[in-house]
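The next part holds the structures, each set out as structure tokens.
Across the two complexes that follow, chain A remains constant while its partner is chain B and subsequently chain C.
And now, the complex of A and B:
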């Protein structure tokens, strides 16, 4: 075997364990889900094997699913914007701080050590009728009665922002770390103010990080079901709740499969658009 | 009949003078010989089964099972009991459906409705009742309803029963008001934003039937039922998902009224919370069972069920979870606490409870669970 042929083969040999794992753990289950989506659920709950388009027809044409999908995308978009607005200054502060970056990054990672469900439920103790905020308001005499703050769309968004903010901060931080600080100084020496230097130089250069963080936040929030279950009111369900309900409550795996593939398709299309304009490289940097 | 009972009966006859000493000792010797000959083979027969998996609701119930049933069972048979938990019946059924046959063995299931669902999916087994002598202590009405689903055979043993009634905070709602309004308390606009509801379509349809003055096991005007479900939804603060969430919402005064599980509400009352509980006329009665899933090692499971049905185990579990055991109070002394539990029936006939008719509910499951799913989300 020639040296060139060996060199060509080497990356594939090194990649083979990862490719095998991805194949077995991602593509094979995905294939099963695709197959399932064409089956039918019978009245007894058993699956009827065959090739039926009923689930797809229902998932694509029923306005119920469409409306909840749009509502989910809207909540995901609001969450992403909130994460960007809150996350960018934090990332900027960490990137420009001197000496204590490691500590700040450690603090940023700390929430990941606690279960996502516990973190979500912690808001009940903060915003509940007997929670910390109401306790303070009542004891300061600001309100006479506890304020009902939980179980609505804003608390769902709050829970999502709490969960996703570190993803945004990390991505923006990585992008800002790659921006040469002397570029801002050069802009200032040429007459721009600090704000102008940030707006014209730093912000545009950090946009790929912001976009990568935005993509992650959007995709993760659009696929969540725990947060609306714990912090949402009666009508605050998101699309993943429909998948959960179809599969777990109604035992309708075929319809649940079609619905989950729909969501995968929408989010996949978004990733493709991102990749087309910005490339996946920045996302990898942020995740790294 | 197990050996202990056999021995106790014989001893009783001896003490009563019905057996002379020589005959008594002779029978004991014969029994000992039979046991000595039989045991090595029985152990060998069971040795093929190394473990039995049991899945239940966790918490104090699991602890009671472990102490009174699983450990003594393992000591006697050498078979290990792997103790798993689940959050809800629907979730567990999905897990079983996705599993290999024999992976899951015994489950603490809710209601005849679930029993019928497992049977419809072909997941039921057939118990050899001769291997479960403690079954004789169980209230006959509870086993009869399971037999009617599986052509006279049993795939489970009944274990406990309870109700889903109306729980209310006495600080805001008096006992008189609760009694007067009954199920309609859950659609009382005066408590908008302070009402809770279980996100279970059966319970919603049951209570909507009561709110529209219909028979919960035979509602004829479903439009009215769905309208009542919508009315309830619009007044709700939240659909709760679990018993823990129900207790938290009531205890923290996030809600003043909800339907609730009798045992959970009793637990709140035990904690000193001033929560009232009523079962309105035709309130939702249900029973739980220990279900053996198809493909399980039957003899090992039957013996474990017998351990679990032993009065000392059943009573300990019942006191832990605050639901009356399925044991017939006319046959077994249930102690001091159980007669104080909500839904307890001292006659053992359970005539005061209305159970879900599995045929009626199963025939509508697919359509109604879907419709409720939509209404729940604002449609």
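And now, the complex of A and C:
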């Protein structure tokens, strides 16, 4: 074999274990559940192989599933907007601060190292019946009885914002770091106010970061399974809870396949739209 | 004026991120019987109880074993793939990169369902093996991203020098490339371990009955009510995943400073 031929083969040898793993453990299984979603789970618990549209019909038209899909998307949208509103000014501050930028960045990375389940359950200590807020309210005499503030949709959103905010701040920060400060100064010296300079120069230039952070927040919150179980009430199920219910509790795997693919389809379409307009580059910058 | 407003806003955002976690740590030292305010005194009793809780210890052992195996496998695959992506000009490189990071783009629930049902179809039931395969697949993209970022900074000259001096490619890899790579390998392993150690959604789908990792154990305990024991467990986890790395960083920095004089 010539040296050139070996040169050409080497990268593929290096890539083959990872590509095989992803192929066998992700793409083939995804293809499998596409096929599976057209099978039928009979009353006896056996799978009937074939091409049935029943599962898809149920996933698409059953008002129960549809309502939960819409409320999942609504929760994801509110979470994303809240993360942007909370996160943008903080990211701006970190990017433009001179003194303790390293410390602020280190602190920003810390939540990624703290377990998701602990950060989620920490709100029970704050808002629960015997939590910090109720303790303060009772001691100040504002309320006579503790108030149950948990287990509703707003606390689910609160938990998601708390979990996803660092993703947003980090992505916006990375984008703002790439925006030259002197551009804003230039705008000011040409007669615009600080606010105008920000709105017309810095903000548009940082939009790719905001979009990348937004996409991450939306996709991760729409796919969330744990937060509604820990911080939500019995009626606050999100789409991933339906999937779990169908697969693990009802053992209706073909239906569970169809529901999973619904979620993948909706979120995948969003990722494709994002990729079409902005490309994956900015997202990779924020993750890497 | 505007700037100080942003400063206050940022401080509030940071408080929002950290106060609830700080309360977990605070309450874990609460002497009171209930995992709540008021603090009735400082005590280590919940940590002692934790250390005697067989279920929690078992969950720790499972999590650590799972995380370590995931880190080794995922980093091996990831380093090889990153080398190919960074060091060679290959056709279809963008497509390959996208394929390799695809597990990040698929919602974890969907990934979990697909893998569970497919392996079940192949008669591989819920098991530690399934759990391990699942953890490898969703940590791999993160390892590849981290390792690739580090690899770009390593120059090829050293390897070329070794090769031109007569070292074989294998010798060059083990004696030159790998030592230069070791920070990237270490970062990849740490990252994979942390993600695996923290995972709960996929784990709930894949774990066999009776097997718990630390997060699923906490989740199961939350079903009853919040207890001081959960807060103590949270504090231990925070110490392990935040305290130890920070301590290591501080020691490394101090040593580097002393060496530098």
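What we mean here is this: the second predicted complex is superposed on the first by the 266 of 288 C-alpha atoms of A that agree within 3 Å, B and C clash if a C-alpha of one lies under 4 Å from a C-alpha of the other, contacts with A are read in each partner's own complex, and residues count from 1 in each chain.
We adopt the following convention: a residue touches a chain if its C-beta (ideal position, glycine included) is under 8 Å from a C-beta of that chain, and two chains touch if they have at least 3 such contacts.
Here the structure is a predicted model, which means the values were calculated and not measured.
Looking at the shared chain after the overlay, A:233 reaches chain B, while chain C stays out of its contact range. In the superposition on chain A, contact of A:205 is made with neither chain B nor chain C.
In the superposition on chain A, contact of A:45 is made with chain B only, not with chain C. When chain B and chain C are set side by side, the one touching more residues of chain A is C. Using the contact criterion defined above for the overlaid structures, shared-chain residue A:124 touches chain B and also reaches chain C. Looking at the shared chain after the overlay, A:135 reaches chain C, while chain B stays out of its contact range. Within the superposed three-chain model, A:250 lies in touch with chain B and out of touch with chain C [touch as defined at top]. Of the two partner chains, chain B is the only one that A:151 touches; chain C does not reach it. In the superposed model, A:64 lies in contact with chain B only, and not with chain C. Common to the chain B-facing and chain C-facing surfaces of chain A are residues 124, 128, 130, 229, 247-248, 253.
Of all residues in chain B, those touching chain A in their complex are 88, 90-91, 93-94, 97, 117, 120-122, 193, 201, 233-234, 236-239, 241, 248, 252-254, 363, 365-366, 369-370, 373-374, 376-379. Note for the complex: chain A touches chain B at residues 41, 43-46, 64, 68, 124, 128-130, 148, 150-151, 229, 232-235, 237, 241-242, 245, 247-253. Chain C meets chain A in the complex at residues 2, 6-7, 9-10, 13-14, 16-21, 23-24, 27, 34-38, 76-78, 80-81, 83-85, 87-88, 90, 96, 98-111, 113-121, 133-134, 136-137, 140, 142, 144-146, 148-149, 194, 197-198, 200-201, 204-205, 214-215, 218-219, 222, 226, 230-231, 234, 237-238, 241-242, 245. Contacts from chain A toward chain C in the complex involve residues 7, 10-12, 14-15, 17-19, 21-22, 25-30, 32-33, 36, 86-87, 89-90, 92-94, 104, 107, 110-111, 113-119, 121-126, 128, 130-132, 135, 162, 165-166, 169, 194-195, 219, 222-223, 225-226, 229-230, 240, 243-244, 247-248, 253, 256-257, 260-261, 263-264, 267-268, 271, 280, 284, 287-288.
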